[in-house]
Amino acid sequence: MNPLARKVFTRVGTGLITVIFAATIVFFLARVTGDPTHQILGENASQEAIDQLRNQLGLDQSIFVQYAEFLSKLAVGDLGTSLRYGIPNIELILPRLGNSFLLTAVAVAGGSAIGYILALLGATKRGSLWDKLSTSIAGIAQSIPPFWLGLVLVYFFALRLEWLPSGGVGDWTHVILPAVAIGMIPLAYVTRVGRTSIVSVLAEDYVLAARSRGFSERQVLLKHVLRASAIPVVTVIGLLTGAILSSTVTVEVVFSWPGIGSLANQAIQGRDFTLLQAMAIVTAVVFVLINFIVDLLYEVLDPRIRTR
Amino acid sequence: MTNSATPTLLIPQTRMAELDISSVSVSYRNHRTGKQQDVVTDASLEVLERESVALVGESGSGKSTLARVALGVQSIKTGEVLIRNQSRYATKRVTGQDSEVMGDVQGVFQDAVGSLDPRQRIDRGLGELRRRYPKRTEWISDAELMEQVELPIDLLRRYPGQLSGGQAQRIAVARALVVKPRLIVADEPTSALDLSAQAQVARLLMHLRNDHDVALLFVSHDLALVRQLCDRIYVMENGRIIESGAIETVMTCPQSVSTRRLIEEGGLHEVPGTGMNEHARGDTPEARV
Amino acid sequence: MSSNNLLSIQGLCATARDVNGGVIQILRDVNLELEEGDRLGIIGQSGSGKTTLIRAIVGLEHPTIKIESGTIKFRGETMYSDSCDRRAELRGSTLGAIFQSAIRSIYPFRRIGSQLREIVKFHHPELDKAQSLNRIEQLLRGMSLKDTDRILRSYPHQVSGGQLQRVAIALAMLADPDVLMADECTSALDKGTEADVVRLLDRFTNDGRSLLFVTHDLRLAGRVCDRMLVLLRGEVQDSGAAAEILAGACTEYTRSLLEAMPPWKPADGSWPADSVVELADRTRS
Amino acid sequence: MTIQTDFRPDDEPQVAEVPPVDTRRKLLLRKGSGILGAAFFGIAVLLCLIAPWLPIADPNLNDLNEALRPPFWLSGGDMSHPLGTDQLGRDMMSRLLFGGRLTLVMVLAAVLLAAVVGLLVGIVAGYRGGVIDTILSRLTDAQLALPFILLALTIVLAVGSTVQTMIMVLALGSWANFARIVRGEAIGLRKRTFVVALESAHIGFFGIVLRHIFPNLLPLLLVVAVLQFGVMTLSEAGLSFLAMGVHPPQLTWGTMLAGGKDYLDSAWWIVVLPGLCIVLATLSLNMIADAARDKFDPTIGRGANK
């Protein structure tokens, strides 16, 4: 097998294993709950109605038959039907994904950009007040629960100052507060990792050589340091995907942002666990895709991976 | 120790083999290509009682791997390894079964400080060995042991990080010695040390050979030292043993071109083509800071 | 101010901190004069301070090293003293440097050709693309670098160490510096290529430019340089015409270097004499 | 390897490895902040632990007459409820202490559980290698791939949110972090010469793992544990906020926060104070972990030897 095909094959394989693993956990967890029919039909339903529904949902078969069916449905993209809304889960989730994606993208882009600037300040002025400030900001940002930050932001900027809307969708002003709340995570980690990375790149011989060739400090930073230090930063963003998705869920609830987070909240309120299951699987797929993109980014950034 | 010991040219047939490696091959999986790659091919080697045998070759020739085979920490693909005529293993990593010969073979490594657990005090490490081999280690006390390796007793209470390279290597020799081995496999024990420490460790090994009835398998690329220390020599290249014989015979009239080159160049050369040598790695303290 | 005096260093002292926090002298009162067209060899073993010296000249000494005193003048102008530091202005087209780890001094994330062209563009903005390419190829061929097309299209990790070393030399030379400082610039090269590079350096200095040639190899320095400065533990041992020093008009230390044997012996003298010689040979080779 | 690199012709002292002066000061600063973090966290833990014996109100005592009282420094507040009251008139200070008590105990249990599982998986995978490693690593990667919160929500929805479930769920979201780091370190250790030396001396698998691998892993493990403690405190708050936390009368900082979110406009302190507790606890833990990492990281601040 040629190396490229091999690479693609391993990646797709790993991604599939992850998704199947996620689906398996979710499937067996759902069976621990016991019988969902009571949830749907209420306590006073007749035995006949229950049996009928059980048959309809396939619950009267053995767990392995159910599992096989679950996986085979999954293979064709069937994520089951919502208990509460009675429509396919996938139709509930997909429209929400776009909204969540928008919010998360703004948050990650903004948070990373500010984090990287803080990292540059810290690394180029090591030991200075700037350095201490950026390290402290990163430390605090890392310790704040995003949804709590969201609530505090709402209190100040929406309720007290009335500068920004407290939630919902609309023009770009609606994005600011939730994006700030979510963006704290990439900001914190990009600042920390970026600073370390920039410091180590600045100690490289090629930076020394570039200076000796007459380039100014600014030129050295732009031409050499920026790109070389980006690789660990991209890595950390890839690793943070899970944490960022998690924070998106809670922050969306705070701001009533119509994404997967709010949907998850609705599913919880309605005890709609088939929907919740489907969402867990979808987010696993999203996670795999994002990591695929991160891998591609590596190749763009580092020719040593691209060419051998 | 300027008098180079005259090597025994005739090996008496009555001496037993401490170590008998016959037709051993070792392969690694290359992670890039996924293919099996032989690092040692069909190598046979024998160390008799009280004999010092050298195993030399360029770096990458497979000599360290063969040393690991002798120590029982390397699984082999084919072949057989016998310790005092007892099978150590056929193809698996060593297991607990052959208790009789266990402890007969001990190792000393190139990275002296690294061959000691950084979080274990020297005396505790010796204690661990004593508990593992209660019978074998009765013969000497810690204090006497330190005397044997010419180190002050208070070093026993130190951690490996608090030792110099030469001290650590002598501790490593002491750890090997304490179980009263019949064979010590020394994998480039002096090559990472500075010159005076090299001399001390070399002298210590010489002392072991002469006064302790211990056989020695000395892996090195330092032919000058090998000539001082060993009776017989095996030369490796590309995973194969290409030449063997009494040390003076091989040194004075080497049969193969590679051996001749090794001797001429003092056996010390970087792998060509990497473009790196000591200067590129930085040889001044400024470069190291 | 003498018209042809390019670089002048007086009383340069530098210190560093050792692992225990103590202060070590890296350079002790080093004086150096370099004139136009001069080829000065700076010779020293590991730890002699030779690298610190040339890095200090362009203000790129390692952050742990501190310059205590001394002045550096260029064409009579003070570039460094207790009160001023303008050494950054010297870098590039005035004082070019090839540092010790030449191979790692090339940026790994861009093609070699684009890095070379960038330097030409930076120092000679008037040249067009074809002209600058021409210049680059000429220079590389002068160092017997074959296959230049492929090398220019490659990333640094795709070419061999010897080739990279020559690219590093080219990167410094393309800026046309008045003084070229080369720290062990031939160490990754075989003897044949070394001769080519030496010839190239020779040609370089023929049109009035100067060379600071840093090496541990006294004989190589003898082939390249007119004058020499021998350093031991940061102190100048010998300074003078290369021919005289090579002829033996020098301190005992330099003579021991000449005799291909550094002045040290194993601590307890127990080491067999012949292997000491052998080891000594190897350490220098 | 050849001898040239280590060879030094003249006996010069070796120049310091990394710390330039500013880094050195920075290390000191880090150490200082580590002590500060430890002190703060220690006091907080102590206060929470002795809460039942402190002369404070019952955290679950309703008094609607006293509802939504502000903290003492605001107009309308007084020292009978120093940090105010919540929507049911319960004393905030008492609730913060009791809430912290359960939060910290729960998270500590979860960290221990996750550390034990992660350590076992990591050591077996890393030190044994082979097929077992492949399987365990895939499992670890898949676990790390799942966005924790949805997994946790699904479980809690399925089995109900008791304290035991919460501990299990938090540990489930964390063990893979331990396993991944321990595995990496164990692979590194397995290749170290001293382990090869011990193997060649036939110190068995358990001897090497217990007496050598584990002690060498311990500092790293502690750093990861402290960091995960912070992460789990945040996770617990997130779950509670989505109404998936422990049920009353049990309370944690997270459930307090969730209960107060509808009163944000009229009584901000119900939301802000427990959140602040979470931030300060996590921050002090991160400070401790950073200081510890500097101390144990072999690449910086190495001791005087070698």
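For this structure, a couple of remarks:
Note that the chains take the letters A, B, C and D in the order they are written out, and that residue 1 is the start of every chain.
Assume a residue touches a chain if its C-beta (ideal position, glycine included) is under 8 Å from a C-beta of that chain, and two chains touch if they have at least 3 such contacts.
None of these values were measured; they are calculated from a predicted model.
By number of C-beta pairs in contact, the leading pair of chains is A-D. Chain D has the Cα centre that lies closest to the mean of all protein Cα atoms in view.
Using mean Cα coordinates as chain centres, the one most removed from chain B is A. Centre-to-centre separation of chain B and chain D, using mean CA positions: 45 Å. Chain B and chain C have CA centres that are 40 Å apart.
Taking each chain's centre as the mean of its C-alpha atoms, chain A lies 53 Å from chain B. We define each chain's centre as the mean of its Cα atoms; on that basis chain A and chain D are separated by 21 Å. In chain C, the positions touching at least two other chains are 16, 26, 46-47, 64, 101, 104, 264, 279, 282.
Multi-chain contact residues of chain D (touching two or more other chains): 2-4, 7-8, 12, 14-17. Across the complex, chain A is touched by residues 22-23, 25-26, 29, 138-139, 141-151, 153-155, 157-159, 230, 234-235, 237-238, 241-244, 257, 261, 264-265, 268, 271-272, 275, 278-280, 282-283, 286-287, 290 of chain D. Per the touch definition, chain A reaches chain D in the complex via residues 14, 17-18, 21-22, 25-26, 29-30, 32-33, 126-127, 132, 139-140, 142-145, 147-148, 151-152, 154-155, 159, 241-243, 245-247, 249-250, 253-254, 264-265, 268-269, 271, 273, 276-277, 279-280, 283-284, 287-288, 291.
Chain contact summary for the complex, chain B toward chain D: residues 59, 68, 71-73, 94, 96, 102-103, 105-107, 109-111, 113-120, 128-129, 132, 161-163, 165, 172, 175, 179, 185, 188, 191-195, 198, 221, 268-270, 277-278, 281, 283, 285-286, 288-289.
For chain A in complex with chain C, the residues that touch the partner chain are 204-206, 208-215, 223-224, 227-228, 301-304, 307-308.
Every residue of chain D that touches chain B in the complex is listed here, in rising order: 1-8, 12, 14-18, 192-194, 196-204, 207, 211-212, 215-216, 303, 305-306.
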